[in-house]
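Okay, so chain A shows up in both of these, paired with chain B first and chain C after.
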Partner chain A sequence: MNWLRHRLDVLAPFAIAVGLFVVTAAVIPGYGNLVSIRSLLLLASLLGIASAGQTLTIIMGGIDLSVPAVIGLACVAFAVAFGQGVSPFIIGPAVIVAGIVIGAINGLISRTLRVSSLIVTLATSTIIYGAIWANTKGDNRGSVPDFVTDFVSVIGWTGPIPLPGSVILWILLVVVFVVLERRSVLGRWSYASGANPGAAELARIPSLLLWTVVFAISGGLSAVAGILLAGFSSAADPQVGDAYLFTTLSAVVIGGTPIIGGRGGYARTIAGCFIITELTMLLIGLGLDEAAQQVCLGILIVMLVAIYGRESHVRMQI
Partner chain B sequence: MSVAATNHLSAEATAPAPIASFRALRRNFGETIALADCSFAIEPGEIHALVGENGSGKSTLIKILSGILPQSGGELVWNGQVANFDNPRAAQKAGIATVFQETLVLDQLSVRDNVVLGLDHLFRRVLSNAEETRLVRQALDTIGMATLGTETPVAALSLAQRQGVTIARALLRPWRLLVLDESTSALDVDARDRLFEALRRFRAEGRSILFVSHRMDEILDIADRSTVLRSGRSVATLTRGQTSTETLLELMSTHEEAEAAEGAVAAKIRRAIGAPVFEAKRVAIRAESAAFDLTVRAGEIVGIAGLEGHGQVAFIEAIAGLRRPARGAVETERGAVTSFGNAARAGIAYLPRERKTEGIFAPLSVLDNLTIAALRRFSHFGLLAEARRRAEGARLIKQSHVVAPGLTAPVAALSGGNQQKVFLGRQLALRPRALVLNDPMRGVDLGAKQDIYKILEQFASDGGAVLLLSTELAELCLLCDRVAVFHNHALFAVIGRESLDAQALIAAMFGQAAAAGRQL
Partner chain C sequence: MKPWYVAMRAAVLLATAAFVLGLAGNSGKAANAPPAPAAAEQQTAMAKLPAETRPNYDHYWYFAPIYDNPYQNWTPPPPPWQLCFNDSMLGTSWRTDLYNELKKLNAQYHAAGLTKAEVLVTDSNNNINVQLTQFNNLHRQGCTVIFTIPSNPVGLCSGMHDAHEQGVLVITVQAAAECNDAINIGGNGYVAGKVLAQWVADAINHRGNVLILSGVPGISTTVSLEAGSKDVLAKYPEIRLVGTVYGFWNEATAKTEMVKWLATHPQKLDGIIAYGDMSVAADEALRQSGRPLAMQADGTNECAYIAYWHDKKLHSLSGNAGGGSMGYEAFLIAIKMLFGQKPIVNTIWMPPSVIDDARAAQLYQPSMTVTSTCWADPPDHHLIADSYFDQFFEGGKPVEPKPNP
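Moving on to the complex of A and B:
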């Protein structure tokens, strides 16, 4: 009985994702065709890559609000440096390392100063945005190598596979993350730390190390997402990640990982990513302009989370 | 004194109605019974002592009387009428002033503000500054703390002075019954004597005092009558002439609890006692308290007892590396214990007191809960050797007598007793040389208790050392080779197997050297 309820609970967001696709395909002509499915996969993969680290930080009992800032930093640094002639094989890894370092600092400070990661990562964001502005003075001319653009192109191929590299990368990431969560020391420590922070230290979990590593992972993956978004928009845009604050958090929560941590997992976030991407495409398909899209998306996500709020409540009771 | 005595005698002659009486008062928290059956009366113009060991129901009774807790059954009669105080204000209004055990003061505010706390309305001040100061001065005067500045911030006061502030606060309101819940424990002798003088004056005025103290000399000195609570029952009310240290200790000792623990351990197996596992050397819990030594050897189960707040918890936390003693050191074969981490490396595992907040990871599986502290042992480059981890989980379930639907079942689905065994199993997974346990049997059902007894016996038989802090004396008597009793933040007595019984423990907890058969 409990087992069944648990299964249903996990499957519910996937059922919503599929249902939403069927409904949209019925309402909007041409939505079910191959190009449209490929763009759904591509957009979901970008969101998925940006949400991976967020999922892990939330499971652990933290939250990473610096995702958009790190995306913006990575996008601008990568495109501007490449535009000035730096090899993408130097600036790419350098940007990812920078993301990892920023994340590690987030985790380190949250833990040593015992300040909520919500505040720490917000502060980091402000610093990053300020630093971008100070260095570029708003002059964000840059360009992106073709292979990066192809990596996130709707019609891109990965070797013999008719899917863009971004989607393949996402699939690999899912495998790695599910193993990490379930079969690694770091994964089990994260769940325990989120489930009962007071007990974690007494259970000899090295919290400082844990928080530093998990936030570093989140920072590194945000930087990867930033490089991919540079390819997607072909420009150095510090604001390119702004939408990802709300959407990564929503994808995690709609997928069924409670915001207080200790439960859930990245597999669930996949469903959340599809639901949010589908909603966005539905609203575009209905011919809503940018402003109306945002209003509707906000309302729909709150409604979905409200449904989930109740379900997780039931789950807490058993 | 003579005036007070006369007053008291004449009061008895006319046999006035009691100011407060309890009739079969009962209170339970879920399945735990805090107060089983409490009946006694407080006369006008009487100092009535309430005596009992930890968990005998004193605090619960006082909370009911003060309107903090409702009773589950029975009656509270106040001034001739059945009363139900819904909140502390109602009790205060009826004329009950309570000073609680904890010194409830606001550090940032002045003495005056602390004393008049609660007199004002939300937006309107009732009294002028000058009026307040006069009243506060008067209240402080009554308890012999006239020298205390009314504008001094409370943060600058000593513990005794803070206690004085809370007593003054209670005295400020009109009252007919003053309840002092161990309020004298922090006072120095001088302040206490002056408080007692004040209490005798109040008695002469026909007002009553309900007085809780763990100091026998105080009870004998000031109480007109004493009611003894044991396991939530009022077992006797003694008049002044009948009261003696011996009678009180005898009445406080439980006989029935021993039966509950019976049959847990087949026979007192004589275990082989080996080399010292850890040694507390010249340890002082507080800077001003006496230093002592305690050595715990392989194969030994050493109990820790003491009335609440007498330093025993601080001591076991020092052994576990969670805090440093004021002086002295805890030494092991692998060096001194200076942190929680190095205590673990020295082979000391610690079981915290609060299972919910310090122990169980509710959404996680039984397997995770058992192995979480020892995960590194199953790690290959960060990945878990799952087959080995499951095998260890299965072994731990057996070793800890856990009843669970499976290793992957969420631990929240288990009963409280089984969760506690999982929590203990987590410490066993560390393969420690010593187990330090902070009241592991509290709130655990009988079956689980007996399982835990078996686990501890087995651990000791296998050459482990156990340091067991327990609030259940029968258990200490049943399990321990010897029990270290704490009093006033220092080791007071170590009671060996040959003279170990509840009465000896209680005597030592109350600081009665002779009755405890004290040996150090």
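Moving on to the complex of A and C:
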């Protein structure tokens, strides 16, 4: 019975994602056409890439609130440097490395000082935003190479595939993350640490290394999301990632990964990304204004989590 | 699972669905418009203004009340004057341009021995409490004039009152204060919203579907812009306002919201009224969604839109409201008052300044691209002829030397 209930909890987000699409397509004329589906896939892929690192940090028992700031930093650094003539093949990797270093510092400080990652990553965000303002003084003149813009274009193609590059990148990322979570040492350590950090340390799991690597992954993927958002908006904007704090956390939790860690996985977050994107599109399609959308989105998220996201922590089930 | 528990979950689901549908039914009906003053009060306020300027104060209560000049009994101190700039967030190219203009004009008057060498500046990063503390520090540092962009229309009022009592001239720039301790200079969002909507309505021959691409929901600027636009569109029964999308004056957000909106609204879109910095994103969203471009008017003259306008050979209209130009106009008001001229009211609003196709072609520079964040200000930084302000002032001496933007 418990096995069945667990299966239902895992499948519920996917069923809701599919159900939402069917309902929206029935309610809103034209929602089922190819352009709308590609729009949905593109927006979900941007959220999915930004949510990947967040999922792993939450499974491990941490949380990364610096995602929006790293996205903003990457967007500004990439666009401004390219605008000044730096090759995208130099600045792109450099920005991703910077994101990895910021993430690694987050993990290192959280674990070394035994300070909640919530506080550390919040402080990092403040430092990053301050550094952006101090360096640019608000003058974020920049540009983005066309191939990056095409990579995140609704009507973009990837070779013969009629999908933009970011959707293909997301699919590859899903494969890598699912393998990483289920087949790698890092994945097993992450679940063990999230389930019971004390027991994980007694089992000689190197928590300092684990936290450093996982937060570095989160920082690196946030930087990738920042570069993609620079291409999407064709602008250097430090606030471009602001919307991704609430939505990445929501996608993870709605997908069924508990905020206290130890369970879940990126495959579930995929469903969360679709649910969040579909819900906002449905609310817009129903003609709700911004305030009403926010109210409804909040209520719907609480409702969804109440329906299937209330599993007890792993250590309470043993 | 117990039956009562299943029933409770179902009830929550149904209640939420009903709530969502209820909101959908009421969405857009409840505007955040401030209550209009009584007709007699409006008449009294408007009677204070020069007749020619009254159209610029249409629905003035969206931004600020109209009072008598709070500095009627103020005597400017002898030079050199200390100019100060209390900004809520000196983090955008618009604000930087404004500050640079103040510094440039201050240097001109410093060379004439009339002002001190530096413009003292503060930046509160949009924290009104920090801004108030910085404001109080500035008037303790001996500022003669404090230019300010308050992040809240009432948040600086206590500081403004103290500064006013101590003989400091306070001038708000494009962000009026509710209290009568400052001179407000800027433009009226309601009128600007009307101008943009009228252009779009005319451009689509008064029939078709129109979308508003607005900024941050609920603040006085967007509320007044939307109100002005909606009042114009309502005059044309064959124009349908099909939605309002909030892009938060941010390209990425605007494009994301436009993509979502277009994916859920298959109907033809004939016109877009955008309130600044978001038109390029709107057009990209249309293009990438396989839709034809719509007739579009934009609220601001950011270089990106001027470049896009040039590249795509658009027929469009934009507002002319760069930070450098606003800095010049604010400085002009301050220097007039420092020369003893007295305004007749606390709030001085300019008529909307717009850029049409011909003007856009003149302002375009080859260095501008669709990602440029500069502002295509007119070279002389005049939003309007200086003589416009003469009708608001009485007495005093002519300004000499004249500010050279």
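In the analysis below, the second predicted complex is superposed on the first by the 301 of 318 C-alpha atoms of A that agree within 3 Å, B and C clash if a C-alpha of one lies under 4 Å from a C-alpha of the other, contacts with A are read in each partner's own complex, and residues count from 1 in each chain.
Quick note on the criterion: a residue touches a chain if its C-beta (ideal position, glycine included) is under 8 Å from a C-beta of that chain, and two chains touch if they have at least 3 such contacts.
Treat the numbers as computed from the prediction; the structure is a model and nothing was measured.
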{"item": "Combined model on chain A: chain C and chain B, fit or clash", "value": "fit"}
{"item": "Which superposed partner A:263 touches (first chain B, second chain C, both, neither)", "value": "first"}
{"item": "Dominant contact partner of chain A by residue count, chain C or chain B", "value": "C"}
{"item": "Partner chain in contact with A:237 - chain B first, chain C second, else both or neither", "value": "second"}
{"item": "First, second, both or neither for A:205, with chain B first and chain C second", "value": "first"}
{"item": "Which superposed partner A:36 touches (first chain B, second chain C, both, neither)", "value": "second"}
{"item": "Which of chain B and chain C A:144 touches, first, second, both or neither", "value": "second"}
{"item": "Angular separation of chain B and chain C about chain A, which is computed from CA centres of the superposed model and rounded to the nearest 10 °", "value": "120"}
{"item": "Touching partner for A:28 - first (chain B), second (chain C), both, neither", "value": "second"}
{"item": "Distance of closest approach, chain C and chain B, by C-alpha atoms in Å", "value": "20"}
{"item": "Intersection of chain A interface sets (partners chain B, chain C)", "value": "none"}
{"item": "For the chain B and chain A complex, residues of the former touching the latter", "value": "340-341, 344, 350, 352, 357-364, 368, 372-373, 375-376, 378-379, 382-384, 386, 412-413, 426, 430"}
{"item": "Contact set on chain A toward chain C in their complex", "value": "24, 28-31, 33, 35-36, 39-40, 42-43, 75, 79, 83, 133, 137-144, 153-155, 229, 232-237, 239-240, 243, 280-292, 295-296, 299-300, 303, 306-307"}
{"item": "Interfacial residue positions of chain A with respect to chain B in the complex", "value": "2, 179, 183-186, 188-189, 191-192, 195-196, 198-199, 201-205, 262-263, 318"}
{"item": "Partner chain A, residues of chain C touching it in the complex", "value": "9, 12-13, 16, 19-21, 23-24, 26-28, 90-93, 95-96, 125, 217-218, 243-244, 246, 250-253, 255-257, 259-266, 280-281, 284-285, 288-290, 304, 369-374"}
